[in-house]
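Below is one structure, written out as structure tokens; the observations come after it.
Order as written gives the chain letters A, B, C and D; numbering starts at 1 within each chain.
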């Protein structure tokens, strides 16, 4: 039940013929909703005419049958769901962004976070460029545009652009005639593509979105790869591939991605089950039941149960209407907030020694409240097991683990945290095992910087989220 | 994953002092949302001045911080969530309904379905009464009003009214000074009450709603009981108790209620776990994994796994943003609709012999699609186990099992149904075991009429849902 | 620029064949919007099936192409615009109201105010009736329903009902097969009918609504008349006609009605022009320009100019986007509110002696502000002329002149009022001339009770607007 | 009743201290609503932090108390109302636009139309610039930004920018510390400033907006002038003044501006009254009444009446709730549309010889329908008088007189037009008199290009409204 947020998800399609593409993107974004709940948008490309609709809100609130219809038909479209990492949460920062430049028009949708966007932005501004938004995506669009002028094709411009962008980006670029999928050379965030039965190509942040539109998974985009979808078929540029070690965000497996997604050949669910198994192996614990905190602790709980032989149980019921605004007028404290989301099953936990599995502890407050609810329901012992190591360092690659201040483990030992949250014992997964969760022969490098501080890139010089909001210097 | 709908949920509170009652009812209705998703409403009673807000939509969509605030403070309030069983789904039929009569004012919120509302309505209309809605609740309010004129108190009127109402009703009546909770003598639907730490009394359809507002469960309202909450404390009238055998809807345990509720002393989760155990006992099956269809098949899957020793697995991932409108412009077929809600975990099901647990089969279409998805994901065998008997008869007590036409088991043998849905084998829970799911010494009578046709009351003469819409006779 | 509000307007149609009736009613209500801006509604009758949509707000805000379409086709429909005289302004009190009774179904739309609704309501409540709204219309529907049981036809029931209703009512009753228009025997408020080129009959509060749908005016409904529109043509019942003297609200001519309406044979515009002429005749004044306060003072200004020879000028410009909510966050005082609605033409008023014509002075505050604006723009002298006598008495027939407290002329002489509003002189039209404004041989009786206290009916015993809200007596 | 649309209105304020500026801008935009009804927006500057809210719709629909409050306090703000001349009507093109550049941040609001925006845009795009919108305003912001880099101050950059911009622009530029008002050297569109009692400076497109916020008019911004409002007071740069002859749009006086505005020292109302006088002088006509088409024909009708001695009358009543969407589902033809807006006063026009005054004839259809309505109401003769010459040429300076095709006078003689619209006679105001409408010693040059084709600037090479939408060239 991490309070940590992934910033974005992208979805794109390229069809042979003009068709009702917006409804397919709508489905795809629906499946990627967990990657960003603040704003969403779709840009449809009808033979070079771009139509965009985007707004603050969930996919199901922003899009109505009316405005999907108004987007019209087309043979290409890209979509985006967003949680604001860089830039404030205003309507202006919603994506896709559409820009006009000397060679035409371009739409972009981006998942990730650049580590040199400040420097790039300053460089552009010094040459007279203006910025409408505070997001990295506009910086990327400027870079591509600049390169485009000197290039023969949009894909050449994208390839040149990659020499200038640092950090994490899984990117969709749509020109009048092409859809281009780009994954940064480190492969921080996932990106894959597949094909619908009618030959329409789909690119998505996660494979679960391919499933949701009935597309067959073809393969992951490789770290550093550029894949171009056009009337001429699929083309790949691998100039940036294998130039640096792979370092995919391991927290995609632990928490961000949906369990039914497969990233770089590894099932997210399986990685989580394995985390549960390792947790038992690292410190075998005697208990009556294993309970996962819904939803993201459930898979690891199955693994813990399997490995330990302790029965798996459903011990916490989650209100399935949550996922929307729950307004709390008046006097509600934080415990009340948890109470409306989760309710313990007294008949299951009463008098029991419980192994409680969750994916992370950030500030510790939610965790403490869950422990309190279980105690009230009669739990005899609560052994907290976390399917990840403690957070100790900020992330610069597109999540909101932004400052060490709010990370309880930065200031407290594991024993202290156990005490604070009220658990009888507390175990975090070791970094060694964390690195093994999704390890295969081909999937062999992970970013674990938030746990061990080993950043695969230079750290950005300017890091506060609203750095562009406050940079004002003149009269 | 039943397509069957419970009609309603009710929630009420009685506080010592005037306070921000609407936000508490809001929380309570949020917890009862699964009992009715078409409309909802709250009536606040501030020393006899009633304020109501109700509309079509989910609790989180209908109520905003603004309109909750506008409802004002009070010392009593009742709320309602509704799925339309009788009466069309228009705004006018939303509850609570507030009526003015010669002795003052009254608000009502009702869960259930009368079997003699047509007769009562005709009787009133013949005496010059007019009806604004097509719901049973207006009929009840007329009956109470008529009795009120001849009675010394509102509770006496309610008690007399119970001699005239037939069928299922869990009812909240709010007068300027009292809140009255009523459960029909058969005890068809649940109703219980509890107390918040500050002494505020809470009445709710299910105990999970007490938990959600931090109230301590006190007890269930008995079948036939009237409980009056007023400045004078709690009073109970048991004149109608024990006049007929208890016949609580067994499908409340199997599907309608939330697993974290306890009804008449029995945990819903435990009843479902027991269903899973019985299912294995009735026909032991060899398989590799047990998978529950989320959400309502999960508890029984745990029971099946426990009893059989076959590992419990998470095999279907449910999109957690569903529960809202999913618009489907264009060409979407039914399979697409299921695909957006559920996605199989290929890594779990591929090559496996699966026991798949669900709570019911109504028309069979959804079930067939789930089987198809699992086959596509590589399932070797699919053994469908349903934690209830086949539906064969309509329900007249407040669910929408309305006509035999749509019930697949009315027309097909179990073997045929297995074939239609594409399962390798299919087993329904026996009626005998169904009756034992929630059986205790004090909880000893259940309505299983939809399975065996044994109705605990007379069947209504007029049953079509929109019976009041079409009764027009004049010029 | 009276702050006085008419309560309602009604519009109905009866077509030969089923057609798109809702869009015609929409147009008609649009033309009657000035008669009620708080809520509006339409009920369509499709061969006995009634569909209603109503809500708080202006016609153009409440109705969209979508919900007009959803109302469907039919061969009859009635509509209503409302300002709340009796009953609070909640959605529940919006009209038409639709009720079901033993002989079928009935929709009502009502303009006016009963003087015995409290007594009728008590009588019904004592017999066990319940009330959902606090409006007179529900009382009327009960009375009709009661009579209906004892009558052979709906029109007979309406005719009997008229013996029981006291006060003002211009009423539309729609049964499954008939539309019935009723005007109280005093003829307090207007009601007329006409015919569209295709033979569709239209009934409306004012003739301007007939014009707006291209219908030809046929005639006014007579005071006391019942006109029945059905497949058998038009039938009239005159049993209540000529039983009391006519007493049509003279303020309909002065302010409420649109100038392009013709009521009981007299053009509203002409009546206002005549008021301007009388104002000059009563006290000839020397001045440079005659200016009307938009919009309702303009016609009388033309009359004053014509009779006096003083040039008519446009001296105040009204913001044409007003008529909607103008929110005023922050520190706005009342002057600011007038400033946004009206702006003086400095070039016209600077240095001029002005005759300023308005229709009424209620509290005097708006008037004082207009005078202040004109002084700021340089007016040398301001001679205020009011095209009606001073308000001295409350109205019980459907306007909100409710209490003497707020009527400035109840507490102050004309000279004092002139001083308070800052005018150099002030003249109100005399009661004698007021009675002559719309006088013809056939239009010969007017209610001037708000000016002279001569009420044509008994005064109601209970008069406060929210009398039903506060009647609470029990526990 | 011209169907011609002005493109925009601007409003800005500079206060000494931080205060509730958004509500003042809201009032100002309300008063300028007639200058643009498609979208509107406000940007508040709180010590360099800019907050913007803008959307499609009228001021009263777009802004709620909530979102005005959310804009927060500040000491500067600018606002905009827009009708789309260049660029499609999408949310993205709404103003103010806010851009970030190397020296900080800048908000712009613009009224007018550049004649060289295509050339400027191409120039920027060739240097790698990207465009988010299709409006001129973004082009202006780029130009200022480019100059800003080479300048010591924002005002110096604005001054240099004016050498590059061609065409019409009344512009507000807001930097973190300054508000700058700019009027193009031709003075095509109005722009003036004033002061509120507390010393707050207001800039507005028209003086009526100063009145609406209680500000005292100080003076018009001169053609070519730059006025800078800052903590250091007011500063003026006149480098561009008097470099070309003044050529203010004469149609501002005839139609666009509100009659209560004073532009460059001349009252709009007075100019229109003079038009009415000239119309009589050019061709004296005998008639019974003079009637103006509301609202913009009323002032000229007063002038015609005054000069001719023919009585002024109110002959057409306008529905005062129009100004909003009037949906017309179903079969409505154009006549029906006019019928809902205007209704003739039969008692005034029946049997009369009418002089009917309007401000323009564009396609002739609306005019023909008004004539038809008056004939139906019994008019004996209709002498149409137009307070402007016939439209013969497109406008390139910010109105939507875009193509000659739709201008009836391009294809027909005056006699033919009279016949087409059904008038007994038709007279347009002569160009000579048109030029004299607002002529004074200081207000001595007008653009009459739409009437005589004499354009005060070069004509743009690319003129179609959506020129930027269609420029797509790549793959």
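Keep in mind that, in the parts below, a contact is a pair of C-beta atoms (placed from the backbone, for glycine too) under 8 Å apart; a residue touches a chain by one contact, two chains touch by 3 or more.
These numbers were taken from a predicted model, which means no experiment stands behind them.
Shared contact partners of chain C and chain D are absent. Number of steps on the shortest path from chain A to chain C, with steps defined by chain touch: 2.
Centroids of chain A and chain B (each the mean of its C-alpha atoms) stand 37 Å apart. Averaged C-alpha coordinates give centres for chain B and chain D that are 60 Å from one another. Centroid to centroid, with C-alpha atoms defining each point, chain A and chain D lie 48 Å apart. Residue positions of chain C touching 2 or more other chains: none. Under the touch rule stated earlier, the contacting chain pairs are A-B, A-D, B-C, C-D. Looking at the complex, you find that chain B touches chain C at residues 48-49, 52, 92, 97-106, 122, 125-132, 134, 138, 141-142, 145-146, 149, 153-154, 175-178, 230, 468-469, 471-475. Residue ranges on chain C touching chain D, taken from their complex, read 20, 22-23, 26-27, 30-31, 33-34, 58-61, 63-65, 68-69, 208, 211-214, 258-260, 262, 267, 269-270, 295, 298-299, 302, 305-306, 311-314, 317, 319-321, 323-332, 335-336, 339-340, 343-348.
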